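Going by the order they are written in, the chains are A, B, C and D; count residues from 1 in each one.
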Amino acid sequence: MRKVILISGILLFSSLLFAKSIFFWIEDVPWDDGKALTIKANVSADTVYLQKALDDGKWQTLYAANGTNFSYTDSGLNPDVKYQYRLLVPRPAFNDTIFFAAVAQPEEQWFYLHKLSYLLILLAVSIAIIYYVQNARKGKDYYIRRISGLDCIEDSIGRATEKGKPILFVPGIMDLDDIQTISSLTILSHLAHKAAEYDTEIIVPCRFSMVLSAAREVVKEAYIKAGKPDAYNQDRIFYLTDDQFGYVAGIDGIMVREQPAANFFLGSFYAESLILAETGFSTGAIQTAGTAQASQLPFFVVTCDYTLIGEELFAASAYLSRDPQQLGSLKGHDFGKLLVIILIVAGVITEMAGWQWFKAFFEGAQ
Amino acid sequence: MSGFMATFGLWLSVFFTLSIFSFLYKDNPFYKLSEQIFVGLSAAYWLVYLYYSVMVPNLFNKLFTDFKGNLILLIPTALGLLMLLRLIPKTQWLSRYPIAIMIGTSAGINMVRYAKTDLLGQISATMINPFASDNVITVIGNILLIVGTICGVYFFYFSKKQEGIRAVPSKLGIWFLMISFGASFGYTVMARISLLIGRLEFLLKDWLHIIK
Amino acid sequence: MKYKVPLIFAFVCGILVVISEFIPHRPFNMLITTLQDWFMIISGFAILLGQISLFQSNIKKIKNKNPDWPFYLAGLISFAIMLVFGLLWGTQEYAGIFGQGDKIQAVVGMKPFDYLFNNAFMPLSATMFSLLAFFIASAAYRAFIIRSFESNLLMITAVIVMLGRTSFGGMLTSWLPEGLKFLHLPNLSDFIMEFPNSAAQRAILISAALGIIGSSLRIILGIERSYLGGEK
Amino acid sequence: MSVNKNTQTERRIIYLVLLIAVALPLIFPIGWKTEVSNYTKMAWDLVENTPDSSVVVFSFDYDPSTITEIQPMAEAMLEHSFSRNQKIIAVALWPQGVQMADQAFKVALQKYPDKKYGIDYVNLGYKVAGIVAIQAMGKSMQEVFPSDQSGIKYEDIPMLKKVKTLKDVAYICSLSSGTPGIKEWVMAARDPLGTPVTGGTTAVSAPGLLPYVNSQKQLYGLLGGLKAASEYETLINKIGSATIKMDAQSIAHLLILAFILIGNIKAFVTKKRSEQ
């Protein structure tokens, strides 16, 4: 009986000497933040127990499973610490248990390899955008096709001036951290500039304080650029409430009371979009809407005269402002779209041909 | 006493329900009153829950229990207070620092998350072999899915005038979009109706006890 | 000075978030965690700012006798009452300054804050939303006029999906033989949702995502400054 | 003003007809049957096949304005999850979500009175900053939730012993009516961490979320609107508040279709007359 333990002990001792024992070894989980180790074993036994040495010397059993190509990933570790594991292999035939031990330290890599395709696409689109923006800044003029929704902006202001009624501009119900709100403010600056020239009042109810202050700055700039700093009335750009429905109810009240001739709903909208568009519809105002919120587009398409669909909102702010940065980045987006179309076509072809690796590369198999 | 309060509460909610519905007839003082009470209540609600759920556990508790360990939290608190300076016109420019941090961080997060889930995720989800399934309906569906996505993306291509041969994919794209808008409209009619059903059930059941 | 430093802040925070997505190594995952905690605290103060500026604008409206000033006063009073209830007796889970307020709970049946929530805030919020059903009905009647082939397409799909989404639709076409099972309204409606709708929604998601990547990049690189307000 | 007058009366008639069309089936129920769509079935499968006593997250990201659609989903899914003996962590990205969670738990606990707070379910309350809060939860739950709603420390809650980050959770079910909601959970939890996400939303947002139900299962099925809620109720054979309202729903739909038809005929006739 003792002989058996002696032999297994020597066996074990020798396995520690080889770089990688064929029975029990530890691999660092590649390409991660060094917080995980994969413990593998290949022992012909029906149940083996994996134990981990705790700092107080005791052994904590982590996992028990069949011995043949046994594998367990221990996570939540610390990259600076060495961890000691041992594998208990009870052998009922010899009624003893031999154990294998191993020590390892998780390594921190500098890159998540499975995110390579993710990084490549992000880099491709970003470099395209930066390239086009730099060129646009150097004065290169890029062509953008006319977006039909924008013609309406010019006639809306003309109509509002004829009727002597104000323009209502709703910059969406989300905060400044929503990109649609920022594009909406870019269109607001162009619109306010036009409104200042035609001496038409512009009302901008805001839902968040940051949007409020940004909108005030933007409209003030527009009035100064139009040479009418004193016509700028800060009180027409005001805060209503943080709550989605308090905000909409407030705007409804304004529409019914002040009867604006032109309504603009540009930015991020949710369920309340129909209340706005329907009440605006009933006051007979000419309405332009624009949002990248797909769930609200049907309502705007149904009840507004013009609707900027999805990315047209971002394109409109670039088209209107002719601002080199926005023009350049729009060309970058178009590059991205061509890239997307090419990738989808290539992906479909490789899938049909049965080469799974192409799609797996883009899925970034975890 | 609490029995009286319960019935008073019921009548209060009936009053508010009917005064909001009165907006359908025309804008009237009852609606305006309820509108402003709603604005006030929701503002207070946000503030109370902000204080109890966020400010106390994530900030004040940490600072009071072990001030030393959480010294670093003084920086965001200071930035937050700077944000409040926006209320005083003279010191408004100071609030630009916390706003810049907020907008910069959100821009970084948006860029990374949208690229992974909406760009990469949707591209790889469209890389399917349409003829893989045996059911002919799914095959047609998958072809529509691939063609629809490509033409839809092409519709948002702004660099070329969409005439002649290039008008075909763009036309297809707007058709797919219109089908999708029709589907969304149909879906949404149900949503709006069910909200009305909810309120009518309240009026008919809890108030008028017409339905059990 | 007033623009350069904030732009640098925005650049550093943005780049840090993007880099920490790809680099697992030590400094970045720690930095991103602290940045996220700070973000949550600052956005708490931003909400506070919103409430105070609401307070300010309402007081201004009351002071200079804006036509609806009594309603704004009612709004402020309800704001103050709800706030005081919340702070004094707390909410369902949180204890206020006076603890759980058992005496008042015995009188009112629940905490005053929750009482106002259930009997005032909830009906107001739910009813406001249900107005949409009326607006969708009148929009369907008036605005839903076939103008072009596209709006025709929109309408036919809407009718199919609306019938498919109700139990009535299922009964209408339940007599269809096995071969034509595809035309059974619920199946047809599910087909439209699963394929053409997902394709178009996917196109919108992709192009919107590209737009968002572009705008975020411009904000991080300081090209887009309108959120700071004003001159380039 | 006269044009505005007759449109006003026209609108008021439409409103009245709709009111009656919705009220009648509530008073005299008809009892039509609903068929279960595969999106609802997928969400049901995820809850059904999650192993016994695994820890799951329910996120309440909606407010009272959408309770008619989402509250029945919350009650049905909570009951189903309790029936599978899963441990439920309730969080909220909307402030009102906390009250919605309490009301949903009250209903679910009537059916399962033996579930104990802290062992079978816990409510960690509301956190601000939406997607940023989710990403922070992905790194460390304790950092975001130092204590639960009633002040018990995170580490003293028995069921949260093995839950360090969102990766240690079996699935996340987000009941949402907007932003932050299901999309943020897919973006900040499903894609980076791999934890399956399912959820329920209003019928408004459902079409926009369907592209995520794809081959990669970015979203593991989706409940969209009152019909999906009543489908889920039939799956766990419960006659809940959603099923009762389905008759009124169908009648109202038929009415809207009738409005569309009449509206178009009227427009066609007036166009014909104006051409003569």
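Just a few scattered comments:
In this section, a contact is a pair of C-beta atoms (placed from the backbone, for glycine too) under 8 Å apart; a residue touches a chain by one contact, two chains touch by 3 or more.
Everything quoted here is computed from the prediction, not taken from an experiment.
Using mean Cα coordinates as chain centres, the one most removed from chain A is D. Highest C-beta contact pair count among chain pairs: B-C.
Centroids of chain A and chain B (each the mean of its C-alpha atoms) stand 15 Å apart.
Measuring from the averaged C-alpha position of chain A to that of chain D gives a distance of 23 Å.
Averaged C-alpha coordinates put the centre of chain B at 2 Å from the centre of chain C.
Residues of chain B found to touch two or more other chains are 23-24, 32, 35, 38-39, 42-43, 45-46, 49-50, 52, 54, 58, 86, 99, 102-103, 105-107, 109-112, 114-116, 118-119, 122-126, 128, 146, 149, 153, 156, 177-178, 180-185, 187-193, 195-196, 198-199. The multi-chain contact residues of chain A, meaning those touching 2 or more other chains, are 118, 122, 125, 176, 179, 209-210, 213, 240-243, 245, 249, 253, 271, 274, 282, 294-295, 297-299, 301-302, 309-311, 330, 333, 336-337, 340, 363. Of all residues in chain C, those that touch two or more other chains are 18, 21, 29, 36-37, 39-40, 43-44, 46-47, 49-51, 53-54, 68, 91, 93-94, 117, 121-122, 124-126, 128-136, 138, 140, 142, 144, 154-155, 159, 162, 165-166, 193-194, 197-198, 201-208, 210, 212-213, 215-217, 219, 227-228.
Taken as a graph of touching chains, this assembly is fully connected, with contact between every pair of chains. The touching residues of chain D, counted against chain A in their complex, run 3-4, 7-8, 11, 63, 65-66, 164, 167, 177-179, 194, 202, 204-208, 216. Chain A makes touch with chain B in their complex at residues 117-118, 121-122, 125, 142-145, 147, 176-177, 179, 209-210, 213, 240-243, 245-246, 249-250, 252-253, 256-257, 271, 274, 294-295, 297-299, 301-302, 309-312, 315, 330-331, 333-334, 336-338, 340-341, 343-345, 347-348, 350-352, 358-359, 362-364. By the touch rule above, chain C contacts chain D in their complex via residues 29, 32-33, 36-37, 39-40, 43-44, 47, 91-94, 114, 117, 121-122, 125-126, 128-130, 133-134, 136-138, 140-142, 144-146, 155, 159, 162-163, 165-168, 170-171, 186, 190, 193-194, 197-198, 201-202, 205. Chain A contributes residues 31-34, 79, 108-112, 115, 118-119, 122, 125-126, 129-130, 133, 175-176, 179, 182-183, 185-186, 189, 208-210, 212-214, 216-218, 220-221, 235, 238-243, 245, 248-249, 253, 271-272, 274-275, 277-279, 281-282, 292, 294, 297-299, 301-303, 309-311, 313-314, 325-326, 329-330, 332-333, 336-337, 340 to its touches with chain C in the complex.
Those residues of chain D that touch chain C in the shared complex are 7, 10-11, 14-15, 18, 22, 32-35, 37-38, 63-68, 96, 98-99, 102, 123, 125, 127-129, 132-133, 135-136, 139-140, 143-144, 149-150, 203, 207-208, 210-211, 213-214, 225, 227, 246-247, 249-250, 252-257, 259-260, 262-264, 267.
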